[in-house]
Every structure is written in structure tokens, then in C-alpha cells.
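Only one structure is covered here, and it is reproduced in the block below.
By letter and in written order, the chains are A, B and C; residue numbering begins at 1 in each of them.
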Amino acid sequence: MIEILVILGAPIAGAALLASIGERQHAAEINVGISLITFIAAVALAVRVVAEGPLLLAGKIFFVDPFNVFLIALTAFVGLTTSIFSRPYMRIEQDLRHLTPGRLRLYHSMFQVFNFTMLLALSANNMGLLWVAMEAATLTTVLLISLYRTPASLEAAWKYFILCGVGIAQALFGTILLYFAAEKVLGAGGGALLWTELDSVKGDLEPTVLSLAFVFLLVGYGTKVGLVPLHNWLPDAHAEGPTPVSAVLSGLLLNVALYAVVRCKVLVEGSAQTSFARTLMMGFGLLSVVTASLLLLRQKDIKRLFAYSSIEHMGIITFAFGMGGPIASFAGLLHMTVHSLTKSAIFFAVGHATQKAGTQLMDGIRGLVTISPLIGWGLALGALAILGMPPFGVFASEFLILTTAIREQPWATPLLLGALGISFAAIFSRVQPMVFGETTVQRLPHRPAMIPVFVHLAIVLMLGLWIPPFLADWYRQAARLIG
Amino acid sequence: MSATGFLSQLLQLAIALLLAPILVGWVNQCRAWLSNRSAPPLLQPYRMIRKLFNKDAVVAENASWLFRMTPYIVFAAMALAAAIVPSLATDLPFAQAADAIALVGLFALARVFAALAAMDIGTAFGSMGARREMFVGFLAEPALLMVLFTASLISGSTSLPTIVDTLAHREFAIYPSLAFAGVAFTMVSLAENARIPIDNPATHLELTMIHEAMLLEYSARHLALLEWASALKLFNYSCIGLALFVPFGIAEGSADWLAILGATPLLIVKLAGGGFALALIETLSAKLRIFRAPEFLGTAFLLAVLGMLVNLMLGS
Amino acid sequence: MPMNIPLWAQLINLLAAVLLLLAFAMLAQRRVLTLINLFAAQGFALACSTAIVAFATHQPHLYWSVGLTLVLKVLVLPWLLHRLIVRLDVKWDVEGLINIPTTMLLGIVLVVFAFNLALPISQLANTVTRATLGIAMASVMLAFLMMITRRKAIPQVIGFLAMENGLFFAATSATYGMPMVVELGIGLDVLVAMLILGVFFFQIREQFDSLDLQHLEKLKE
């Protein structure tokens, strides 16, 4: 009980604190400190849940089972490393005069509020509360993306607001339909929206209503996952917002949105007993993978490149969850973890690289290794990791997904392989000249924070070579819950 | 065919013929009130009709029989329509001959003859007026039909007395589809009766005329009959609107004399209210350009279709 | 036939029809000022309908929702929008991507689609006003159509808010009201969204000197 209160309370208290002192000398350190507290509480909660099983907290408001506690821990961890990274990054941005003190204050407080909304969305039992948290997350990111107030960032934030706003509205309709179906079985009142209650009666819920609800929920929350064709906001948001925001968007928000989709999928499968939900998820996932990989070839901006890579990987994860079954779900969860870690690591490196080069266009960044070996190698290794090179963890999860696909959905395998191949070529050919060769970049005024990058990559490497037994067990439990 | 039915039919026809001009006068009076001006006296339309009847008719040399016969045809059509629409009672012998669709056909008949007669002489303004009138009519007719269909979906028949019976004489119930149909009907009747925002009945500029342009060539008794027919058209549309949306007070089929006589003052009150509402709408709106008329009428049509859909959805 | 359902349910049906009518009127509207007033009227119809549901199903907690809707959607938001219009000096005529008759036709198609979709579902529920689910879905789709066919920023936002209206109607009337915490959350989100948008409009206007969203199309692919 105390852990969940700390997990949720620390960010919100931190946000309030940072709203008043966010531009001062040590604001970034306070930011890191709050994230650290959140992380410790998350680890404690995770330990408890893995030991004791699913927990209902605060009178059924919060529900923590192995599936979402692992995401809570991941969110807290990446939040911590991002706050560590953001310290020097924002300092350099201030020196480059991209930010005023007022904006910095907004940034710090919104960062913590964003963490709060994501953690709330992950731990909420009430589907309506989940929705509210997702909408709040949308609103905070709108403010964060438009931080620099350039025309391009305003456009990106507006597009984001409109697209995700419409998506959230569809998700609300799906939630209402869900309530519609649940009211018949569970009666009116708050109990009808609790996921635990819905899960226990899912066999009795009307299949037609639930199927329609799932369509709306998939379209709604899927917009926030970045599934094609609802992905238009993603590249712009990643390119125009500050890099720490891109990191948490790619690394965390997409995961949380997919979590919401998977929770709904569990309900629909239990009710309809058809493969309707699965087929939809597989279709959207595959479409995302193929489209994103094709669009990767045309990118000139480095952040957009990796944003499309995020779309591709989220497509793979959606496809994996769509296939279902113990191995595919296990692989999906593993991929969620390694993708979060790798993508945020890449964005950390990219952030500093763009600061050194003064531009986000890939043609303007050359020869990072020469001036700053840490950033150069960080980027190179990160790119290799995300491309699925062994022995990194992404290879392991992709391998599992592909083998399951060959067994169960053979028609999808050539598409997947083709898309992965295209993205490999695209990213590799772009990253290689950026890292090696003649240099055009300069030194940074402050020391870059490269520790988070290498910590993430090290974890990903470890997961590729050896998954600790407790982690594997954890994944297996979660996979069983997903079905 | 009962005696009361026959007599109520005659009474209804007589009241329509007598009251139509004063309805026009009342609308003008209300418009003047709302614009803070003084209007001609209420009975002015009667005086004008009488004046016109006493004049000699001047007819163009190349006018054909169509030109001469049209006023009588139009007047007869409007009078027949007045006999069909249940304004006082629902037990009308004539009504068995024609239902709502035939009613729309009657209006169309009048419109066609008026347009042909306007083109008969060959003047520029006549043809222009005829073209515009047919344009507006072509767009307004489907909307009117949809409105009537909505009402007939509720009552299960297209015969107007049956519709009135269902809406007035069963238990009180709220029909949301009639809300849509009401708005659509208002828009259509504004268009068909040549009122603002489609046409300005008081305009003197030929280039802005739609309905008036068709009357330019007529004089004396022909003009009198056509003016009377316009007034009757407004009266008929008002009665259709009242029958569909405010049908309370219309005497039921098997009613007796008292009910029919009692329905008359109620009708006058309702018409007065309708006339005031019409004047209000005219005062508050501006005349649309002719090119915007399709939008206006398209909206009316779609609203009527929406009303039908809502009926299918909600069952009412 | 409507005789079988009680008076309050008929009133809710009527208010549903009014809601749809207003959504259609907003679709056909050219002037931003009238658009805001229509939106306020829609909020009022929504509040009335919720109040009737609260009264008839004896759920006093819905009165809070009525109050929230009245304050937020009939008073605060239209007032905010009016102020924005005055300060931003937005022109009255609203350009659309496609002309109004075509938009209306598309709207009818969407309404038919929504009704079709909702018909089998509404038969499954056990509330008396279940038929209004189709109407709620239709108004949501009409608001969505309005959002994507408008060019200026403010009508897009009003379309977004109108969409929330339709959803709220579905929540309160088709299902006898959702749990309170959700409604509070939704209300709060809408308010915060509006405030953020208000800030936004100024920023966009500063950068681009106009609220025409054509300027916001530079980022592609």
C-alpha cells in the first residue's frame, strides 16, 4: 500500500515543488532525486507482487499484477535515467538559448506530472480512471512537445493534440460501450468498470458489444501506440520536442498505451471466444511494421528516423500480442523491455549528437567518434541493438516472435522479414557515416551524460545473452495473464 | 359520406377562401410591428382583390390559351388543396380522393402552369422568373415529400386525415423525428411561399424576383385570382404545418357540429400564431443569394431525411 | 410505438434528436459566432437530458454531473471561446475543405452508418433509452466530420468539444450514468484541454499571424 502511494505521490509532489523552483540551480538534481524515490518504491512493489501475487490496493482502486508491475518498474527506471540524462542536456540547451527559465520550470514540472499520469494509467483498476490518466498524459505531452515554441513544434503539438484527442475520444466511446455491456451483468455503479470484476465475468459479457467496444478502444488507444494509419503525430512529436521527451514518449508512453490495448484484448477474448481481437491486432501490427520500414528510407532527420523505428517496433510487439500464446506473449513483453531501454538510449545519444552538430539533419552530423568516442560508440551500439543484431536482447525477442510466426502465421513471416531487412539497411546506412569518418561536429560546453546510455545498453546486452531466472519467471507469469 | 362530413368540407373550403387574404395582411402587419413601421390596414388584400376584379384585363397579343387559363387552373388547384388539408375536421369527403403525395402533386401542377404561362409571352423577366421558380420548386419538393413521409411513417398511412387522427387523437406522445421534420418543413414553406430568405415578396426589383416575376404580365381578374391563389398557398402550407405539428383541436372523424364550430376559432388563433412566427423569421433573416438557395433547401432535405432516420432508430 | 415508454424516456429521445439536430446545424454553419452559440445550446440539451435521467432513475449523484455540464459547457467554455474570438480577431466566415452541401451529404451517410452500427447493440441493453446510443454515435461522427473538414483552428476545437458532448450523452443517457470519478475526470480534462488550447491559439497566431491551419502543414512524411 505504501509503495503505490509513494510511486504516485512522489511525482505529483515533485511536480508541485518543481513548478515553483524548476529553473533554479539544483532543479535538475531534485528532478533526479524524485525519480529515484519513485524507482525505489516501484522496485519494492515489484518484489512484493512477484512474491505474493496480484494485489488489490486502496479498496480496489489500484490493481497490480505481474503484467503491469513490470511496466511500472520499467517506467520508473527509464524515468530515472531520463532525468539523469536531462540534467546536462537541458543545461546545454539553456546555454544555447533555446529555453527561458520559465520554460525550464514548465518542463521540469510537466515531466513529473507526465510520469505520474503514466504510473496512474498503469496501476488503475477502473477503466474510466485509466482513460482519464491517458488523456492527462496526452495533455502534458502537448505542453512538452511545444516547449521550444518554434513554428514546427507548434505544428507538431497541434497535430498531436488533434489526432490523439480524437483517438482518446474514440477510446472513451469504447469505454462507455464496455460499461454498457458490463452494466447488464454487474449492475450499475463503480464496480462495473473495474478490470478485476470485468475479468471475472468476461464470459458473460455480450460478444457483439465487446467486439465493437474493442474496435473503438483499439483505434483510440492505438493512436497513442502509433499504429498505422493513426501514426501521423509520432514522427513530428519526436522530432520537434526536446530529446528527453522523445525518449520517454518512445520508451514509455507507447508501452502504456499498448498495455491498455492488451488489457482490453484479454476481456474481449474471454467474452467472444473468437479470434476477432487477435486478427485486428495482428493486422494493425503488421501494417505498422511494413509501412514504417518503407517510410524509414525517406527520412532525413535523425529523430524522425528513430521515431519511425519506434512505430515499427511497436508494430512488432502488437503483432506478437496479437498472435498470443505463451511464447509470443513472453517475446512481446521482452521486446517491450528491450525496445524501451534501447530506444531511450539511442535518443540520449542522438540528443547530445544533435547538440554537438547543431542540427537534426543526418547530413549535417558526421564523424562523431573522432571528437567524442562515447557518444559515437553509444549511437553505433544503440543502432546495432535496435536493428536486432545478436547478442543484444532485441535479437532474442525478434527471433522468438519470428519463429512463432513461422509456426502459426506463416503468411506474415515474409512481410516481417522483409520489413526488418529494409529497416536494417536504412538505419545502418544512415548511422554509419554519422559515427565514423570525417568529423563536422564540435565539443559540448558541458559534459554529456553518457552513463544512462551505456547502462541501458548493458542491460539489453545482458537480456540478450542471459535472462535472470526471476525475470524470466516474472515474464512467464505476465504472459500467462495476457493469454 | 355523412352530412356533417359534407358540411364540414364546405365550411373548411369557405373559411380557407375567406381567410387566406387576411392571413397575408396579418403577416404584413406583424412584419411592420417588428420593424417599428406602420402597415397597411388588415383588410387591404381584400380591397386589392376587389379593385383588380373591377378592372379590364389587358392581355398581350401573342398570348395563348395557356396564359388565359392558368390563373383559373392555379386557383382551382389551391382551392382543391385547401379542401384536402384537414384544417377543421378530419372527416372530409374530398380527402379520400387524394393523399399527401397527391397534395404535393397539386402544388406541382400549379407551379408548372404558372411557369409555363410566364414563359408564354416571351418576355425576359417572365422566363427568368419561371426558371428560378422551377429551380426552387425542384429542390423543395423532395424535402416536402420527406417531411410528409416522416409523418406517415409515424401514423402508418399517407392520407392526411389519418395522419392528423394519429397525431392528435391518440395519447400524448413526443415524436423526436417530428422535431426534425418541423424544422425542415418551415424551411420548405419559406421557399415555396416566396418568403425571405428565399424571395422577397415586397420587392420591386425584377432581377431579385422569383415568384413575382411570373405575375408581371397579368392584370385585372387574372392577377386577382393569382394573388388570391398565392394567399391560399400560404394558408394551405400553414394548415399542413398545423395539421402535422400542432394538430390539437381539429375535430375528429365522427364529431358533431359543435366540435367543428369550436375548431374554427382555434384554427384562427393557431394561424395568427403561425403568421407571427413567419413574420419573426422574415424579420430576423436576410435574403439569400439565389446561388445559396440550393444549400438552404439541401439542408431542409437532409434534415427531413434525418427525421426519417431518427424515426427508424428510435421507433418514434 | 412510443406509447409504451414513459414520458421521461420520450423527453430524452426528444433531447437526443435535438442534440443531433444541433450537430447537423454546426456542420452547416459558416459563422464562428453562431457555432459557439450552437455548442452552448448543445451543452444545455445535454444538461437537461442528464437531469431527466437523474430524476427518473433516482440517482442524485448525477445532479453533480448536470451542474458540471452547465457550468463548464454552457457558461465557461463558450465564454472562453467568445473571448478568444474577440482577442484573436477571427474572421466570421469559415472556409471548409469541401462545400457545405457535400459535407451535409457525407453527414447523412455517416448518420446512416452510425445508426446501422448501433441498432443491434441497442437491442441488447436493458435501459429504456437505449435507442439513443445510435444518435450519440451519430453526433460523435458528425462532430468528427466537422473537425476534419474545417480549416480554421477554432471550428476544429469546437468540433472536438462537440464530440465530447456526444460521448457524454452516450455515457449518461444510454447507460443511466457512469461512475462519478470518471465524469469528474472527464470534466477536468476538458477544462484543462481548453485552457491549453487557449494558450496555443495565441502561440500559433504569434508565429503564423493567422489561425488558418494551412500554415500548419509544413511538416510532412
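To be clear about the criterion, contacts are C-beta pairs under 8 Å (C-beta built on N, C-alpha and C of every residue); 3 or more make two chains touch, one makes a residue touch a chain.
None of the values given here were measured: they were computed from a predicted structure.
Student: If you average all the Cα positions, which chain's own average lands nearest?
Tutor: Checking distances from each chain centre to the full centroid gives C.
Student: Could you tell me which chain lies farthest from subunit A when each chain's centre is the average position of its Cα atoms?
Tutor: So the farthest one, by centre of C-alpha atoms, is B.
Student: Just curious, how far off is subunit C from subunit B if you go by their C-alpha centres, in Å?
Tutor: About 36 Å separates the centre of subunit B from that of subunit C.
Student: Please work out the Cα centroid separation of subunit A and subunit C, and write it as a whole number of Å.
Tutor: So the centroids are 31 Å from each other.
Student: Roughly how far is subunit A from subunit B, centre to centre by C-alpha average, rounded to an integer in Å?
Tutor: It comes to 65 Å between the two C-alpha centres.
Student: Note which residues of subunit B are touching subunit C in the complex, please.
Tutor: Going by the criterion above, the answer is residues 170-171, 173-177, 179-180, 183, 294-295, 298-299, 302-303, 305-306, 309-310, 312-316.
Student: In the complex formed with subunit A, which residues of subunit C make contact?
Tutor: Those in contact with subunit A are residues 59, 117, 120-121, 124-126, 133, 137, 140, 144, 147, 153, 156, 160, 163-164, 167, 170-171, 174-182, 185-186, 188-189, 192-193, 196-197, 200, 203-204, 207-208, 213, 215-219, 221.
Student: Applying the document's contact rule, which stretches of subunit A touch subunit C when the two form their complex?
Tutor: Touching subunit C: residues 126, 128-129, 131-132, 135-136, 139, 142-143, 146, 149-152, 154-159, 161-162, 165-166, 169, 172-173, 175-177, 179-180, 183-184, 188-190, 192-193, 206, 208-209, 212, 235-236, 239-240, 295, 298 of subunit A.
Student: Along subunit C, where are the residues that touch subunit B in the complex?
Tutor: 1-3, 7, 10-11, 13-14, 16-18, 20-21, 24, 28, 100-101, 104-105, 107-108, 111-112, 115, 118-119, 131-132, 134-135
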